[in-house]
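Mind looking over this structure? Questions follow.
A, B, C, D and E label the chains in the order they appear, each numbered from 1.
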Amino acid sequence: MPPLLEVKGLHTEFRTGAGVVRAVDGVSYTVHSGETVAVVGESGSGKSVGAMSILRLIPDPPGRITQGQILFAGRDLLSLSTEEMREVRGSEIGMIFQEPMTSLNPVLTIGRQITETLQQHRGADRATADRRAVELLNLVGIADPERRLRQYPHQLSGGMRQRIMIAIALTCEPRLIIADEPTTALDVTIQAQILELMAELTRRLNVALIIITHNLGVVARYAKRVNVMYAGRLVESGPATEVYHDPRHPYTMALLRSVPRLDRPRQARLDPVDGQPPDLTRLDGGCAFRPRCRFAVEACGESRPALEAIGAAGHLSACFRRDELPSVQVAA
Amino acid sequence: MMNRTGWLGVSFSIAVTAALAATPVAAQAIKKGGTLTYMIPADAPPSLDGHKENTFATLHATAPFYSTLISINPDNPSSTTDIVCDLCTEMPKPTDDGKTYTFKIRKGVKFHDGTPLTAADVAKSWQYIAFPPTGVSSAREAYMSMVDKIENPDPETVVFRLKFATSAFLPALADPFAYIYKKDILEKEPHWYEKNVMGSGPFKFVGYETGQSIKGTRNPDYYHEGKPYIDGFTAIFAAKQSVRVDAIRADRAATEFRGMPPSARDELVKELGDKITVQTSDWNCVNLLTPNQKKKPFDDVRVRRALALAIDPWKGAPALSRIATVHTVGGLVFPGSPLAANKEELQKIAGFGPDIEKARAEARKLLKEAGAEGLKFELMNRNVDQPYKFVATWAIDEWSKIGLKVTQRVLPTGPFYEALRSGNFEVTVEFNCQNMVNPLLDVAKVLPRSVYPENYGGYEDPKLIELYNAMLKETDPVKQRARMRDFETYALDTKVVTIMTPWWNRILAHRSYMKGWKISPSHYLNLNLANIWLDK
Amino acid sequence: MAVMTSEAPDEIHRSWRTAALGFCRRQPLGTFGLAIVIVTAIAGLSAEWIAPYNPTANDFEAMTEAPSWAHWLGTDQFGRDLLSRIIYGARTALIIGFISAFVGGFAGLVLGVGSAYFGGKIDLILQRVMDILMAFPLIIMALAVVAIFGTGVQNVIAAITVPLIPRCARVVRASALSIREVPYIDAARTSGFSHSRIILRHMMPNVVAPFLIMLTAFVGQAILAEASLSYLGLGVQEPTPAWGLMLQGGAEEYASTAPWIAIFPGLAIALTVFGFSLFGDALRDAIDPKLRER
Amino acid sequence: MYRYILNRLLLAVPTLIGAAALVFILMRLIPGDICVIRLGSGSSINAAAVANCHAQLGLDRSLLLQFVDFIVGFASGDFGTSMWSGKPVSEEIATRIPVSLEIAILATVVAVVIAIPLGTISALHQNSWLDHVVRTVAIAGIATPSFWLGIMSILIVLDVSHLLFGAPWMPPINFVPFWEDPLHNLSIVILPALTIGYRYSAVTMRMTRSAMLEVLREDYIRTARAKGLLEQLIVNRHALKNAMLPVVTLVGIEFAFLIGGLVVTEQVFNLNGIGRLFVLAVQNQDYTLTQALVMLTVAIFVVTNLVVDVLYAWLDPRIRFA
Amino acid sequence: MTGIAMTDAGADRPLLEIKGLHMHFPISEGILMRRQVGEVKAVDGVDFSLRRGETLGLVGESGCGKTTTGRCILQLERPTSGAILYDGVDINTLSRSERLALRRRIQVIFQDPYSSLNPRMKVGDIVGEPIHVHGLAPDAARRRARVRELLQVCGLNPGFADRYPHEMSGGQRQRVGIARALALEPEFIVCDEAVSALDVSIQAQVINLLEDLRERFGLTYLFIAHDLSVVRHLCQRVAVMYLGRIVELADCDELFDNPLHPYTRALLAAVPVPDPVIEAGRNFQPVLGEVPSPINPPGGCVFHPRCPKAVESCRRMRPALRELRPGHWVACSEVS
């Protein structure tokens, strides 16, 4: 079965006063129907830009997708007309954003914000759209949906707003939902509720989910596959268990080591990643992680390692020393 | 240079057009009918009551509605002495050694409400003007100080009995504000006329919108046979100079009756050619530059003299006449009067000398002697463009030529008067402008405050008063003229109590279709529109 | 070129230059505005040297002359060279514009920041006072000031300055209120800094940048206000060369017969205010992070 | 909501009293005397007449008494009589208000109808040539002295009509209410309304543009785009309503300040409106009239602010349901 | 007044003791005549104490009052009622000068490395200003030297003194914030979400720095955070807050290994661990509902609407903080 989404060699740039920022610099990955894929990375790693690029929501100027293909259900989204692309958004691909506070329009009712998608894409009449909205609110676990539909976002709590966002994303029964840090702004207990809800709905409705996060725990709990990004590139990709238990990129390894964990005994000291994240306008030809890498060798400064497979399980890493890492790691 | 001749050319052609237009084209047959629209160059006057008010805005708005006992001859308004009857039947000869004047009143005159106007109404109106009862104010009470009694022996006769004989009486009686009101109304409600109009003049009142317009319609019962010629008029308040010019240009109005700057005349003539008629006259108004002698160094006659010497009126007047409403170089007396100084006489007075370089050299010397070289001072002025600020700008530049550094402080009318009265100024621009041309009284402006309350020079000078009285009491015209010279020389040359600027120039450009109206040296005169007809 | 003694100044120069060049590239309109402002400033500062004639000397041989080689912009009714009067007028305009904008602005700044910082009763009272002042139209307020004190450059400045204060205080207060909530103010308070230090060192500088940009607009507004006052006859008086004054009388009287008298000073005002506004706008766009690309 | 409005109205009371005190003091600080101005425009002034006039106008009483009278009169709806004309102040104002109001409303309509679409388009095409043109025209509107614009526009109308029809044309100079002769009326008010409206629309346009730019960067616009809504819908439904919030405030404030603009514009066009009455009242030192006019201005200011607040609440549910 | 009795009887009196702290923010309406129409009970009766050299974690979800508690200690807010005893002295009874002296001893590190530094000041001035104001260095040269030293201590290149905050990365800025807090040589630092805004890889660096500093300068921390794993790593004791109240307080290991309060349990369960295998094995049931509004908190036990263990009495009775085990305090009537 062909993948639902195939991103091939995606490049997205931003032209800023300080220079050109290659926010996404040659990223390729696939998502299958019904699969949950996580994109992990720190701020500035290009994970959000990559997701926004799929929907072509990069503000131009200053941003621009310069290269690559995004094959969604067989069509290259990058070659669609603006009008065709608009039809894809919200209808075939839903999106959930980080800030439920600001992502809903403060001056429109909840109902209006849900139903307009239906009216736009399905040409539904008011009554049908309203019925569907009630149904959706029930689906995302909001009590008393009729009343809620008449309310405005500020009258709802953060958790409820994010539920509304999920309802909006699900309105047209899309095949893929992209969730950009959907729970970062929420409290832990609410975060758990929302994630559970998303996991359950995607499973029930067989929707593929790309979840973008910096939280390694969230990934571990919900994702089948993990893509780790650093400085605009994928540095490691593979099934979650593989990546967590046998990381093959020094950055992934360092990340996993640096977080304090509840599941393990308290350490005396954390083991942080040294140095600072790179300035994307000043990258050289070598591996971007090299200055912070404990395993860097001379070759790392000469060219950027490609993302290549390790074994057959679909585990890939962009490190020259991907194969020797387990042994080096022990030695270190 | 080429351009300059171009602009000179324009002004030259103006002069020619004006001359042509003003020439009477034979005796044209008078046409009747039509409505005259004219503008009143002011904002709304405080009231419509001529007895109470002193502003031309009231007069320009209400004169067509009223009769007066006597008036200046509307067919010869430029004369300062041609006074004729309006409501009376004949100009009386004074009796009783010039102390009694007996007027016979026309019969059959009707107020606009249809009631007859009798001598009783005339007498009552004049009693209110001369002796206002308490609670009633009369702006002309002081002019009537020579009147002892006003009697009304029968319904056709009014008798004025004077305390003493004076030639100032008849001009005062011809005051254009001296409307004849109805006796009953005055007695019942003396303030009625402030907001209402009801007279016996050539036009009947139609309506008044505050600050906007006033309208009148022809009075068919008017006692001057055949007049007025027009069916009615609309007077629109238009305080803004440019609006008035534009309105005449676009024929929204035929004219205004005060006077306009040369630029307006130039523009109208240039744009409209013979559709515009220009009438000009010397104007019985003048701006004076008065130093405050209570402030140093203006107490020093050398400084005042230097101020006078620095200004060259002979060169300035013709130049200024192209841009400002001033024209004629003159002394204290209105140049159109027989009492006025001629050029030769003037040139003997400081500031009127023929050689300006010599005069300025002397001025510098005087300043040096007085220790006031490079003096800096403030010239106070009133917030009126024409010609106040033009005259001031010119004077300041002239003064700069003897090293004086003068700045101008302009005040709105209220604060301006306040500053004048409190003496809170160094040198001020003031003005002397009277309804009737009456030089005997007009020159009193330079008399010290103890005698003439509206003098702001801050000086006392018994000799000046003495010279004035000598002139006033002189009855022989030739001798009186000589006394006037003494007075003038003492005031302007010996003491330099004030500095004359060129006398004003009344320019009126009106639509050529407006005929029958003649300009006069005062913008308070000849305003009842009875003689006007429209050639349309 | 200055002698380089160390590397640091060079770097600063370069960053200045890059910043300036970047500004010019990204804000072509703003650069145009800046150019106008600079030209005006040069004209105002060096009027004595560049003006071809004495701006106040009457010349009765050359009254209301059209533009020519002798008088590039023509002459006015007193025969004064318009170009020279406009050049000198730039000085008057800038003096009035800058002094009233800055005095009014800084008074507003102090009141606004103080009001926001102290809050409570002080804020409430100040706000009410500002409301009252705001309710008076600028021109009416100026009318009263001039009626009381008379005309003259200082009084005109005062007349324009007074109404600017509440407008400025209002804007400043709003931004100061948001800065008051910012953690570095809390940090300053926990460090035991005095009120005056917190206001002056921590709040003011952070309000001042947007405020200075606002001031450039105020300079323009002040120049316009002077023109309006002059139009009503209450502004600067003859013979001082001032743009608004040149329009008063002359603009209307000669609009038809000698239009250059009306046109050039009007253009000078419009262009200068235009320049200040363009520059201010561009500066705001360049500095306001919200308007910069993400 | 009603309580909110009531509260705002109560808030206006100290502002009104403060303004009353301020104008009372200011007026009495102006040197000069209404009686002297009235009686002294021609020649000599009669001291007795001046004293008489003072007594008639009540100016011989103590300042405190005058102030108390003013406040009490005002509170009871009696605005007094004009010291200049002796007519009731309310009548003086009522005569003048139609022109001013008409111009103000027309200018506002011009501003709103032209500025909001232009500002929106400009923001949507930020940094395009269209944006540059619109912004330049707008800033020119802020930079041009309105009286100069007025003078020039009259002149242009005169010259152009002279050229086209052979006879110069200008709008009539006597005001007629709209319902009596709409064409006549409109030909009078259109030029002043445009003159004032230009600056007004320029300000509004700039505000619309920057508000729109800011709103377009908001997350909910991104959400709307992600929903695949038509761009038109995003602008009209999602962006415009939010962007209108600051615009409404500005339009309100500017409307309240229109009286200031009218002062100059009514001079230029010789209109007998509130602005000119204001100048006259100050120059004639007509205390009662000036005081009443200032109170009127403050009242307009307060009411406009109130209207803005209500509109704001209507537009923004966060306030409506707070 | 139950108070928190010291388990360690031999210790000195606590460095900080908070007794019955209430912080209610009035909600008023009306612009002219303000009427209070309600209040936000941000902190509603909090007691705890801190020993010298100890790190106490204060955890809870947003709006639970942990930050307000910190601000009260920092004297940025004046509590509605209750006492804050610092070194045995109630800070609300201090005179101006005593207050100033106390300010030196208590410092703060904020969450947001962007807004907690004055953007118009150079790093050197930001760190040097408190030294200057409190006269801790005799002259400018010494002050500069001290600033460089502090930057170095915080792991920054002393050359950064000439930079502006916007020229630095988030982690570096947070280090500047720490250096500023250290400038006054305090003994007590309130860390208000000091690491939560940082990226994972930087967070660990800063946590390590905070630990190093504590050892080096004998600091006492009040560590306010919502990230349980960080709190567990850094703190000796932990207090869990919910809707303005402390629901559980215990030694760190005791709390994490043996949570008693249903809310603490829910919190811990909600945190996913970065291990797919463990996560796959967990049977996870998120706690229902959301945090109620602090304007109108539920009666009785504030957690009862969401509590799986709630019984009828929880609606009415506000459970007191009881010491169920030595040093382990819980405010729940249903656990034992």
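Convention: contacts are C-beta pairs under 8 Å (C-beta built on N, C-alpha and C of every residue); 3 or more make two chains touch, one makes a residue touch a chain.
Values in this document were obtained by computation on a predicted structure and should not be read as measured data.
Note on connectivity: the fewest steps through touching chains from subunit B to subunit E is 2.
Looking at A-E alongside B-C, one finds more C-beta pairs in contact between the chains of A-E. Mean C-alpha positions place subunit C and subunit E at a centre distance of 48 Å.
A straight line joining the Cα centres of subunit D and subunit E is 54 Å long. Note: centroid distance subunit B to subunit D, computed from Cα atoms, is 39 Å. Separation between the centroids of subunit C and subunit D, computed from CA atoms only, is 23 Å. The set of subunit D residues touching two or more other chains comprises 14, 30-31, 151, 155, 158, 267, 282-283. Residue positions of subunit B with contacts to 2 or more other chains are 240, 242, 271, 383, 412, 414-415.
Shown for subunit E are the residues in touch with two or more other chains, of which there are none. Taken together, the subunit D residues at the contact with subunit A in this complex read 218-220, 222-231, 233, 237-238, 241-242, 315-318, 321.
By the touch criterion given at the top, residues 30-34, 36-47, 49, 52-53, 84-87, 92, 95-96, 151, 154-155, 158, 161-162, 167-170, 172-175, 267-270, 272, 276-277, 280, 282-285 of subunit D touch subunit B in their complex.
Taken in their complex, subunit A has these residues touching subunit E: 42-43, 157, 159-160, 187-193, 195-196, 214-223, 240-241, 244-245, 254-256, 258-263, 266-267, 269-274, 276-277, 292. Interface residues of subunit D facing subunit C in the complex, by the touch rule stated above, are 14-15, 18-19, 22-23, 26-27, 29-31, 132, 135-136, 139-140, 142-148, 151-152, 155, 158-159, 206, 210, 213-214, 217, 256-257, 259-261, 263-264, 267, 278-279, 282-283, 294, 297-298, 301-302. Across the complex, subunit A meets subunit D through its residues 55, 57, 86-91, 94-95, 97, 99, 102-109, 116-117, 120-121, 152, 154-155, 165, 168.
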